[in-house]
Amino acid sequence: MVTRVGILGARGYAALELIKILLRHPDAEIVALTSRQVEQPHVTEVHPELVGRLDLGLELFDLESLVGRVDVVFSCLPHAASAEVVCQLVDAGVIVIDLSADYRLDDLDVYQKWYEVEHPDPARVGHVPYGLPELYREQIVGAPLVANPGCYPTSAVLPLAPLLSAGLISTSDIVVDSKSGVSGAGRTPRMGTLYPECNESISAYAVGAHRHTPEINQLLSAAAGSRVEVIFTPHLVPMNRGILTTIYAPLAGDASQEELLEALQAAYREEPFVQVVSELPATSHVSGTNYCHLTARRVAGRAVLVSCLDNLVKGASGAAVQNFNLLMGLHETTALVDGAVA
Amino acid sequence: MVTRVGILGARGYAALELIKILLRHPDAEIVALTSRQVEQPHVTEVHPELVGRLDLGLELFDLESLVGRVDVVFSCLPHAASAEVVCQLVDAGVIVIDLSADYRLDDLDVYQKWYEVEHPDPARVGHVPYGLPELYREQIVGAPLVANPGCYPTSAVLPLAPLLSAGLISTSDIVVDSKSGVSGAGRTPRMGTLYPECNESISAYAVGAHRHTPEINQLLSAAAGSRVEVIFTPHLVPMNRGILTTIYAPLAGDASQEELLEALQAAYREEPFVQVVSELPATSHVSGTNYCHLTARRVAGRAVLVSCLDNLVKGASGAAVQNFNLLMGLHETTALVDGAVA
Amino acid sequence: MVTRVGILGARGYAALELIKILLRHPDAEIVALTSRQVEQPHVTEVHPELVGRLDLGLELFDLESLVGRVDVVFSCLPHAASAEVVCQLVDAGVIVIDLSADYRLDDLDVYQKWYEVEHPDPARVGHVPYGLPELYREQIVGAPLVANPGCYPTSAVLPLAPLLSAGLISTSDIVVDSKSGVSGAGRTPRMGTLYPECNESISAYAVGAHRHTPEINQLLSAAAGSRVEVIFTPHLVPMNRGILTTIYAPLAGDASQEELLEALQAAYREEPFVQVVSELPATSHVSGTNYCHLTARRVAGRAVLVSCLDNLVKGASGAAVQNFNLLMGLHETTALVDGAVA
Amino acid sequence: MVTRVGILGARGYAALELIKILLRHPDAEIVALTSRQVEQPHVTEVHPELVGRLDLGLELFDLESLVGRVDVVFSCLPHAASAEVVCQLVDAGVIVIDLSADYRLDDLDVYQKWYEVEHPDPARVGHVPYGLPELYREQIVGAPLVANPGCYPTSAVLPLAPLLSAGLISTSDIVVDSKSGVSGAGRTPRMGTLYPECNESISAYAVGAHRHTPEINQLLSAAAGSRVEVIFTPHLVPMNRGILTTIYAPLAGDASQEELLEALQAAYREEPFVQVVSELPATSHVSGTNYCHLTARRVAGRAVLVSCLDNLVKGASGAAVQNFNLLMGLHETTALVDGAVA
């Protein structure tokens, strides 16, 4: 039986990517798209990519109207705006995958400090599984609500977690230097993301202050079993998609490059979407896919780790469908890998 | 039963795109990849995008070795090099879809004049269907060899052919101004396609001399029922993929803009891959898809037509799979559109 | 003696380019920068490119404050907003170079039809020289107000005017297909010019409806001595700067390619900024310069002309300084070409 | 009196940039351009940007022919090839500014280990001033030969040297993460720098193995007065020009962010080309200029430094002209800053 899906905040880039993935999903049907703006055009007016592929109008969010029509909702709303409606949907029995940051952090104070807003649904904070199946698959299965991971955290945590768990790298002095395409900045018009401002330029932003920092720290601390605090610097790169993360971590012992690679391979041997590669990866290698490519080098007594993923797919909507598949009891890779559909 | 597929010239961009489409095709299995270069690495060394997705080494072309192992061959070889081996494969009973220009032109002299080379298989010239299903579906079905269309001709012919057939536009004084991404120039290192040469620049090239000109003329003449000779100018645009073609055609009578649009809609109502849109299209709307978006405007007594497609998909490998589906008796859209596979 | 210069509308891309050119001008000093926005920061907050190069705050436009402090004003304001203050400045004896479209069209009705606004200074319309020195040098010298040309018109008129004047091409059926970088769309945040919307995409816009069309027609009609109406289609190209214009014009007689090139060379032999080249030009060849490169081909009995220029320099601020030099009695190339300053 | 200048290896990007700067230099005249390739076309065939600006043919290098015709030579040849001819020129009394790496490293063994080639002029190694005027101005003045700095080293050393000299940061555990535009990879056709390979992608390369590493270490060790070894990772970014370097350095004591910034400001207050900025810089802010913008942040007990420069100007040819000015006794900023020429 096909699952009826609604998408909240359907005008943005993550929502478009989600729609495109779900359109090739054999067990999902998109039945509702909401938008908070006043005019509610046909989806193809907002996303001309969908001409001839999806015939649906946008609608304003209306709880009563949605409940009963949808089985699962993906929220692509911004933080705070998301939890405000997500809590209503979950209360009404709708399964929700929340792409916002609202339920990712376990600690309400940390959330409110970094996001500078009161949480609309404080009671659930700390009780929602973090939707990174590679680390938290068991907690996700059967959950009524999943907190879909941030794009930077996924790119930082996938290479670091196994090495921290294995005690191969130190828990202190980890530097995470990330480079992202501009789609990560969203589709709302701002001078800083105009084409002539971004093109032919690279810059660091939010140095020491990016909201994904506590999310990375929370996940790495869990992996290490003790407090980890990284220095995280994001950069804006003149490309649409992709995140490349370069990580510098002191070795805890004297692991060789081969041992670092083996620890990563051991961790991800059974994971369909994480590929430990020997050559240095490029974001183009994973563009449009749900894969994360990662590798390790040993340089001057440190581990240098490089990972890349598509911020709109493995960093957002692909991961969301991966979670959807887990929640629905489907094969986890459905609609996300090559080959005849499972 | 799954069709066993071989791809000749597997190092290039069209071949990579073809591999990616075929990997999600339920009725095709890639069993052989050839390359003319001496070293024959694993395909993932040439295309790191395929790590974890395709486990196959490149091999040198060897007729005996291929025949019996493959049912269908896609040739991504350059012109002349392609026909040289394609004719052997067809003689040996292998079905071939040739992405080169070798069998597209009906007239041997025209081929030899524009390509400045002797044709390796002159006997077949003029007897191979042109693989544009929207115009030549019937001829393609059952053919042992199909000439896959050029990217520019597809973008020019889809909007023009119905209007010429309907007598709405004049057969003379048609201007075709095309703009293409750089992947169309291939993967062989040349100074002209280095990143710093192409980035932040646009230029016209091969003015009055591009080899797709006779191909466009042949197709339009067939549609019009009388000789058509266009002026065709290609341009190199700083993007990877996509062709936008802007066409200026004198009206034959006094058709209104609505009549032009209706004629296009009538022609393509049943075509899954051609979308007549009302808004002006952009190449990003069709990037990574097998769609062609097109529209018409009437300006100062002329038809101005705008079409766009992805040069590597509808302009090459997607069209090739569309032909493959037709040849194999499969649903024409298999692996090329959204939704559960037919 | 150094000329004191003010710039209105100093936040945009053309203003930044103008500032950079004037900073290397030995006979000009920037003394005032205005902006219509409420906050009036230091210019380096708006243009970090100017750190260490220009120490000036933005100010609100105030006629009394400006008159007496400035000798010449460049207006980078949008149309209508520009004429509203320009007329006051000219009345007060300030020389003005207006980069908006307000004084370019000779016919008030044409202006009001295409710009859909009442002209704030109708009396001057038709009496202001069009600031393209290559065509109107004599009219510019000594004028109190100059209408700086549009970027597209300059790219279309420089190649066409000499051929029309010489009677080598027909006055009818001229097609002008232009491709522009995104800086031409301005610095005001809009979804259509966000990086992810423009990158990896090309599109036509304003087909048959771009406001530069009547400007092109006015200039070409003057050159031909009879009414010329072109079909003009602009395109948005994923690059910051540059316009490439490809023009298709029927031959009036039977001029050869050499005759077309010779007519262009004859027209521009003494012009410092127009280079008739034999190879096909690219916008990167003129990026950051005040040059226009152009060439001609004869294809199937038509002239195909290709021109390119930097839309922010020869298409806007470089041309403005060229006009400034003429008005001030300086060498026309001052601050605009290589070599020791004249 | 005008200095007669020759440029060796005139086909590349650094040479073009150098030519453009020298063309606006009032005290230099380009009289010879050499190239090692067989065909020796006019310079405008290799660099169409120079049409109408420089009328000179390329020539093969010939010692006898050059000596007497030139006063100063800039070598844009690759390493090893450069020293081979540079030593002959210096022996013949020609002043040389060498943009290759041949004379940058003081230690012959380090050179031969990292560059895997025997040095053609070992006797001079260790006796040539490193051409970074901000650190070595006194040594440069009067030298017969200057080793022009590498682009990455300049971007790393300008922010780090003052903080090391002041003892504000530790000499160990410094991470240098650099991001460069593609022009840094040169103009020789290679698959890795084709447009479609670089566009829409970012990657790390030469992790732990880039040849600029010993150069950075040598300069920082000199600044610190004790051995410094950084971890240096370069990345390839889809843009033509620009380097952004993000540096992570442990604090030696407990300097505040303000103290870090003050130390940088104190070091560069008199330097015309180094701007300590408060906002995070972007490479577009310095594109086409000889400026380096840099800033400091304190994050979790570390200094995070961000610098940016144009790899072809301050990272190559601008720095070379800065050295030229010093060697010729001219004002150091001639042809490199705004304003009337000194």
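Letters A, B, C and D name the chains as they come in the text, with residue numbers starting at 1 for each one.
As a working rule, a contact is a pair of C-beta atoms (placed from the backbone, for glycine too) under 8 Å apart; a residue touches a chain by one contact, two chains touch by 3 or more.
These figures come from a predicted structure and were not determined experimentally.
J.: Identify the chains in contact with chain C as well as chain D, in label order.
T.: A, B
J.: Which chain lies the greatest distance away from chain D when centres are computed from Cα atoms alone?
T.: Measuring from the centre of chain D, the most distant chain centre belongs to B.
J.: Could you grab the centroid distance between chain A and chain B? Build each centroid from C-alpha atoms only and quote it in angstrom.
T.: Roughly 36 Å, centre to centre.
J.: So what's the Cα centroid distance for chain B and chain C, whole Å?
T.: 39
J.: From the mean C-alpha coordinate of chain B to that of chain D, what's the distance rounded to whole Å?
T.: Measuring from centre to centre gives 45 Å for this pair.
J.: Residues touching two or more other chains, restricted to chain C: which are they?
T.: Chain C, residues with two or more chain partners: 181, 197, 199-200, 238-240, 281-282, 284-285, 287.
J.: Under the touch definition given earlier, write down the residues of chain A that touch chain C in their complex.
T.: 13, 181-183, 187-191, 193-200, 238-240
J.: If we count contacts the way the header does, which residues on chain C are in touch with chain D in the complex?
T.: 20, 23-24, 26, 48-49, 51-53, 199-200, 272, 275, 277, 279, 281-282, 284-289, 291, 293, 337-341
J.: Hey, which residues of chain A end up touching chain D in the complex?
T.: Going by the criterion above, the answer is residues 173, 175, 177, 179, 181, 197, 199-205, 207-208, 229, 231, 233, 235, 237-242, 244, 246, 248, 250, 280-285, 287, 297-300, 302, 304, 306, 308.
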